[in-house]
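If you scroll down you'll find the structure; I have some questions about it.
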Amino acid sequence: MTPQERAEQIAAGMLARDAFSQWLGITLFEIAPERAVLTMTVRSEMLNGFGVAHGGIVFSLADSAFAFACNTHGRVTVSIENRVTYPAAVAEGDVLTATAEQEAASNRLSYYKVAVRNQHGALVASFTGTAYKTSKEHS
Amino acid sequence: MTPQERAEQIAAGMLARDAFSQWLGITLFEIAPERAVLTMTVRSEMLNGFGVAHGGIVFSLADSAFAFACNTHGRVTVSIENRVTYPAAVAEGDVLTATAEQEAASNRLSYYKVAVRNQHGALVASFTGTAYKTSKEHS
Amino acid sequence: MTPQERAEQIAAGMLARDAFSQWLGITLFEIAPERAVLTMTVRSEMLNGFGVAHGGIVFSLADSAFAFACNTHGRVTVSIENRVTYPAAVAEGDVLTATAEQEAASNRLSYYKVAVRNQHGALVASFTGTAYKTSKEHS
Amino acid sequence: MTPQERAEQIAAGMLARDAFSQWLGITLFEIAPERAVLTMTVRSEMLNGFGVAHGGIVFSLADSAFAFACNTHGRVTVSIENRVTYPAAVAEGDVLTATAEQEAASNRLSYYKVAVRNQHGALVASFTGTAYKTSKEHS
């Protein structure tokens, strides 16, 4: 299996078992080693009391992109820490695209950034994540 | 109305209009000026591909606690930035309690921390948030 | 004055009055509206107890790049929050380059990222910053 | 040696070899397992172009407190990630106290918070840090 095929297999398997990402309606748009692009559409049940998407919704999309991307190399990898900002609000019906890319990595740690953009290309969340690579291989 | 009554009124109103916090099953356990304690129980549809709670679930609970707490003073206040760590995994059936407290504030900005603990008292997420206070008053 | 000339004037003025950036030996390599590239060389007095650059040194370089970049538009702008990771250690004699770029902005807030690389091009720090734009203009 | 004696020995040794913390004028006020309290006084050479302490100065004090505290258990421990906010400005002559405390830990990772206060007790920085515990013991 090539690294690309392995990345696709791992990400597809992760999404298939990920109940919350399915509830979010996440689609795998692109997967490559250490990279993931996901999309989803914001529904009414994802809004907060101000009538815009709950911060946790945008965060969750970014977090799934981060998780799928950082696991593509084959070792089970878990999130340690995340930081997120919200440069623009997100409304019902918005179509969001999260692009996760590795910034750097060592044997045990990897560092990712995720940009979430809406259908007009505006940045709606900037997310960073640190992950810990366990010794366990994905089956 | 006392500051305590105002805080309770604002938080209850925010939760009543917050579709995603309702989907999460969030309960207001305690509200006071610049403080909120929320609880929720983790359901199977909140799990990720590793069979533990999706990071976005724990984040969302903390984010709601942050949002409710930082709005209690009466001005409409929005989240600018959050950071979260995950010291321990969260399983289906776990009962989580998020306690949000203000660390500091100026006229325009406020700084919060949120600790999320499980039913055994273990810290499962440490969350920090920065908020921007608009000039608009809660109705 | 063009926006480029204004950016250069503001950044040069900030550095000229910034005692700690001078102690660090920071040089303005490139300035443009909402962008700054700074360089510095790591000296022995900047090391920590492990014989590598103190985290605060790398942070400070990134923070100066952030401050210079986010002030170039003309309004006095202050840092609200920063996050930094350290993908690789920094040794005495290393020549560091920090590149700060705006990711997004609204009327009151701006969001920056800063990459710090060593003389071999390796990423030694990934820094993000949120800034608040006051109403005061740079003189 | 008791854990307390070991903590004191490690922190004192780290400070003795830490050139930059010495330049900052850092004093160990209190050391205990997984806890450190440091103090320093802000000098004119630590100011930025706005005439207040450079963000990197306050960060560095907090970072040293974090480093000393997270190494007290005996294993060489390195910083992975930090986040800082600045609720209040710091002036020349201010006496700062940084209190670092562990929030949670696993075998490989530890999570700390550091509060930096001035001589009036005001919070001037809220800092969080994640550390990675290597297998190497402090000598």
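Note that the chains take the letters A, B, C and D in the order they are written out, and that residue 1 is the start of every chain.
The definition used in the following text is that a residue touches a chain if its C-beta (ideal position, glycine included) is under 8 Å from a C-beta of that chain, and two chains touch if they have at least 3 such contacts.
Everything numeric in this text was worked out from a predicted model, so none of it was measured.
In terms of contact pairs by residue number, which of A-D, A-B or B-D shares over half with A-C?
B-D
So which has more C-beta pairs touching, C-D or B-C?
C-D
Centroid from C-alpha atoms only, then distance subunit C to subunit D, rounded to Å. What do you get?
22
If you average the Cα atoms of subunit B and of subunit D to get two centres, how far apart are those centres in Å?
28
Which integer distance in Å separates the CA centroid of subunit B from that of subunit C?
Distance between chain centres: 33 Å.
Would you pick out the residues of subunit C that each touch at least 2 other chains?
In subunit C, 80-81, 83, 85, 109, 130 touch at least two other chains.
Quick check: in the complex, which residue numbers of subunit D touch subunit C?
13-21, 23, 44-51, 54-57, 59-61, 63-64, 67, 76, 78-86
Enumerate the contact residues on subunit D facing subunit B in the complex.
So the residues of subunit D touching subunit B come out as 83, 85, 87-88, 103-106, 109, 111, 113, 123, 126, 128, 130.
State the interface residues of subunit B toward subunit C in the complex, per the touch definition above.
So the residues of subunit B touching subunit C come out as 80-81, 83, 108-109, 130, 132.
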